[in-house]
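Naming follows writing order (A, B, C and D), and every chain is counted from residue 1.
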Amino acid sequence: MPKLTTNSYGKSGVRLTKVVRNGKTHTLHEYEVSVIITGNFAAAYTDGDNRQCIATDSIKNTVYVVAKENAFDTAEAFGILLANHFPNLYKQVKSCTVEITEAKWDRIKVGGKPHVHSFVNGGSELHTARVSVAKKGKPPVIFGGVTNLLVLKTTNSAWKDFWTDRYRTLKDADDRIFATSVTAEWEFDGGKVDFAKATEKIRTTLLETFATHVSLGVQQTMQAMGEAALAAEPAIKNIRFRLPNKHRIPFNLDPFGLKFEKDIFAWTDEPYGDISAFIER
Amino acid sequence: MPKLTTNSYGKSGVRLTKVVRNGKTHTLHEYEVSVIITGNFAAAYTDGDNRQCIATDSIKNTVYVVAKENAFDTAEAFGILLANHFPNLYKQVKSCTVEITEAKWDRIKVGGKPHVHSFVNGGSELHTARVSVAKKGKPPVIFGGVTNLLVLKTTNSAWKDFWTDRYRTLKDADDRIFATSVTAEWEFDGGKVDFAKATEKIRTTLLETFATHVSLGVQQTMQAMGEAALAAEPAIKNIRFRLPNKHRIPFNLDPFGLKFEKDIFAWTDEPYGDISAFIER
Amino acid sequence: MPKLTTNSYGKSGVRLTKVVRNGKTHTLHEYEVSVIITGNFAAAYTDGDNRQCIATDSIKNTVYVVAKENAFDTAEAFGILLANHFPNLYKQVKSCTVEITEAKWDRIKVGGKPHVHSFVNGGSELHTARVSVAKKGKPPVIFGGVTNLLVLKTTNSAWKDFWTDRYRTLKDADDRIFATSVTAEWEFDGGKVDFAKATEKIRTTLLETFATHVSLGVQQTMQAMGEAALAAEPAIKNIRFRLPNKHRIPFNLDPFGLKFEKDIFAWTDEPYGDISAFIER
Amino acid sequence: MPKLTTNSYGKSGVRLTKVVRNGKTHTLHEYEVSVIITGNFAAAYTDGDNRQCIATDSIKNTVYVVAKENAFDTAEAFGILLANHFPNLYKQVKSCTVEITEAKWDRIKVGGKPHVHSFVNGGSELHTARVSVAKKGKPPVIFGGVTNLLVLKTTNSAWKDFWTDRYRTLKDADDRIFATSVTAEWEFDGGKVDFAKATEKIRTTLLETFATHVSLGVQQTMQAMGEAALAAEPAIKNIRFRLPNKHRIPFNLDPFGLKFEKDIFAWTDEPYGDISAFIER
């Protein structure tokens, strides 16, 4: 007889906007939230007995109610509230994982000054937060992160001296364009931390390291970015990266009697080098 | 000092078309391939020493060369070839994971008969294959699957008798629309198997079970689909599902003096119920 | 002083599901609808005077109410109902254009027979309908169409003898893969017509012509498809195409000591040849 | 006999990166280009006679060669070069339209100062340029624009006093969130102009007007944005908008015994109000 080994469910794509009004100055919290729970739900699968199931619609309602009834200033803080809510309230819930993505809304500058209630999208990047509570009363495991942070440098990037065999056709490159879409996720160590400040410090460190590193490869720059982030923010234990190599390919100008001078490239989305690492203290 | 705990890299988004010409009848293999390897590559991260690194460009070349030099009839078979290739050839490679997605190309019918060399996209669904070799000489772990298989039934689907508390606003539904985008992945048991036949058998079983099951919830139908797939295809050990609930929401006709008769709905992509299970023999 | 020369507004992305229950056999109409109106609305722009404006939310409501109160069997028929509704009901509305896209839902086959109430997505293609009423009482202009209909043929396609100059690097191809995503739109002549039959006849004709045409170029095949559609369906006056060339590029096997035998290709989305025509009786 | 009434073709999705190196300071031009031509090409459609056709692959090559051989500092300037190139060089080409989209790459700030060669994506918005040459020797028609510029304001936006009838369910709103994705396109008057400065001035004007306008509706704010842009930049003749209303819907807190205080909203992509205007001097 087949057996149901593991199961989980929840609501994803829950889109919350919370406006906090402090006099004329408004703060915007806009998240896309996913809440996944595990627990005593096997009967719904095996017998269609839904009595222990909190409907995913109720989970959606909870996201908005928790947002209403609590103050929070970051996606991480909101994630902690939500990830505790379910195991705390329901005896049939064992674990809860909350994942949040947050677009970058910058204040519009009017006459050079940030506006009090108007915002513009400030980058394709998304801030991410992920919080898991394994069991009622256990401390949450908290991750912050960034995804789709597009960066590009036009020099100080090489890729050479790699393995040569029958399958190699790529030449050594002393000076190439390096473009990537940074996905990084870091784990907080559980102590007190100002999440907003930490996110800003890590983001700035990642960007500055990317900009200034003299790169011998995506791998080496990734390591440098990870080491710099761990050095800059003591409240994180580790950092994980995925850096797809968004290739800018030298356009072959030979047939036209012209010379490539590191100036004319074709940009492509695929295929792409797909490079990952996990760096810990 | 931070340490590099794990790392991996490879090439993703490699898009291969292979045409096999058997007289006038052509067969089309069109895949999007990802190859990720682990091994002795830490020096590239920590020292920019790339000498052990096979360039991701070489990995891309390998996909095409292996496709040229070998006969295969399924994504699973091609995945096995590729996943063995890297640990077998390179002493510095430890493990290799190949992931493949394949669009559904059906033969165009001309005068009712399948054409010998012309094809039309036969559904938004993708066939998936995933093959991992943990170490040179180890047998591959082989998964088949399907993703984005959109299905909808207009009746024989209920959702009721679930948990009631402050957060519930959804009423019991005796008869609702059930729509989902099936993602399923099954693990082959390592014996001899005709992958194409197995895929077809499982796909048909999933569709027929979805169509005919009298559903008390996504969870119960998922379990029924899993049990039916395991019963239909002895060569698989387990099956894993993710079924997002693509809600069709009854449109409130009251303000217009009209009555909802299970006829008029709004369809939405988000938020969505997000339901998973892993079912084993 | 700047002047408001033209303006229009409406609601887009209105997602309607209508289920028609004929005993145990259910029919599914699932559309994404856009309704755009013009008329006497300038005051809303110039003075913030909204008194003549039908809210876009009311337009959305109307889509569902019209769907409830009327029988229709095609997107074209529903478009005609909606496009007449607004100029007929509101003196301030001059023109109305309705655009509808419809996914392909096929009945799931159970034991080889189409199921009465369960459906599976039958292709990435969308059926399109577009209906415009220029003024109350004027007959509607009605277009049917298809978009994102992906087709591919592995032979009987050449591209050669084209212009040669400094900018040409492409060689003549006697036998290449031809893949495209068909967008076609045809205008009905205003007489009585069974839209569903016409759509099916034109779609079949487009596919069969694509499959069997011995092609000297996308342009020539497009013309052949247009002529065949006009010949097959007397109720249409003209047809318009856009056929992006979804290139399958021969993979250069020379560096690996292998020979390209029209077998190994890379597929790409961009850049793409972008070819259009408008063909009339 | 069916006749080919109009036809056009070209290459789309041509992705160009040009790096201009001014000592250590590098400037990045990264465009996605579409080139569409009309002319004496009917024989390719009707007879498969391709002798007058410039291959779309040659058009792609031309984009890169023109980029190499010419200096330009904006997408508009590059568009003018390309749109003239084809009618000037080929007697069989009549008209040429070039469309360009350009992502926003900002310099990464290192220690607060813009870096000389490293960039980060600065918003989901795209700058657009469109240049048409109707015939060899005719002056080009030049459009600049912006698309996908996401903005949101949390107050100073009303929508009330609109038409009331059976189809209305929306209440008057004195104070709502107004979010949109701005698409605007403006036509230059053909005189000398610094395109970069004009784009920046118009973009700033659009943002500032959106931020500070006390809005009685999307329509009124659109008009105000258009008038402000025309006032700010004398080199443009007209401006065209499409502002989809990206709704933030008050979440109904009543069932939970809570009160909506303009604080908790659900954000949605569809359905959306879809509002357009064309404003001229």
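FYI, a contact is a pair of C-beta atoms (placed from the backbone, for glycine too) under 8 Å apart; a residue touches a chain by one contact, two chains touch by 3 or more.
Since this is a predicted model, take the numbers as computed values, not measurements.
S.K.: Please tell me whether the contact surfaces of subunit B and subunit C are same or different in residue numbering, using the over-half criterion.
M.R.: Here the answer is same, because the shared fraction of interface numbers exceeds one half.
S.K.: Counting C-beta pairs in contact, which chain pair has more, A-D or A-C?
M.R.: If we tally the contacting C-beta pairs, A-D comes out ahead.
S.K.: Hey, what angle do you get rotating subunit A onto subunit B on C-alpha, to the nearest 5 degrees?
M.R.: A turn of 180 degrees brings the C-alpha atoms of subunit A onto subunit B.
S.K.: How many Å are there between the centre of subunit A and the centre of subunit B, using C-alpha atoms for each centre?
M.R.: 24
S.K.: Quick one: report the Å distance separating subunit A from subunit D, using the average Cα coordinate of each chain.
M.R.: 28
S.K.: Can you give the whole-Å distance between the Cα centres of subunit A and subunit C?
M.R.: Their C-alpha centroids are separated by 37 Å.
S.K.: Of all the residues in subunit D, which ones touch at least 2 other chains?
M.R.: Counting only residues that touch two or more other chains, subunit D contributes 15, 61, 65, 167, 169, 255-256.
S.K.: Give every residue of subunit C touching subunit B within the complex, in rising order.
M.R.: 15-21, 26, 28, 30, 61, 64-65, 67-69, 103, 105, 108-111, 115, 117-125, 149-156, 177, 207-208, 210-212, 248, 251, 253, 255-256, 258, 262-268
S.K.: Any idea which subunit A residues touch subunit C in the complex?
M.R.: That would be residues 166-167, 169, 255-256 of subunit A.
S.K.: List the residues on subunit B that touch subunit A in their complex, please.
M.R.: Going by the criterion above, the answer is residues 2-15, 32, 34, 36, 41, 44-62, 65, 90, 159-163, 165, 167-170, 215-217, 219-220, 222-223, 226-227, 230-231, 238, 244-245, 269-281.
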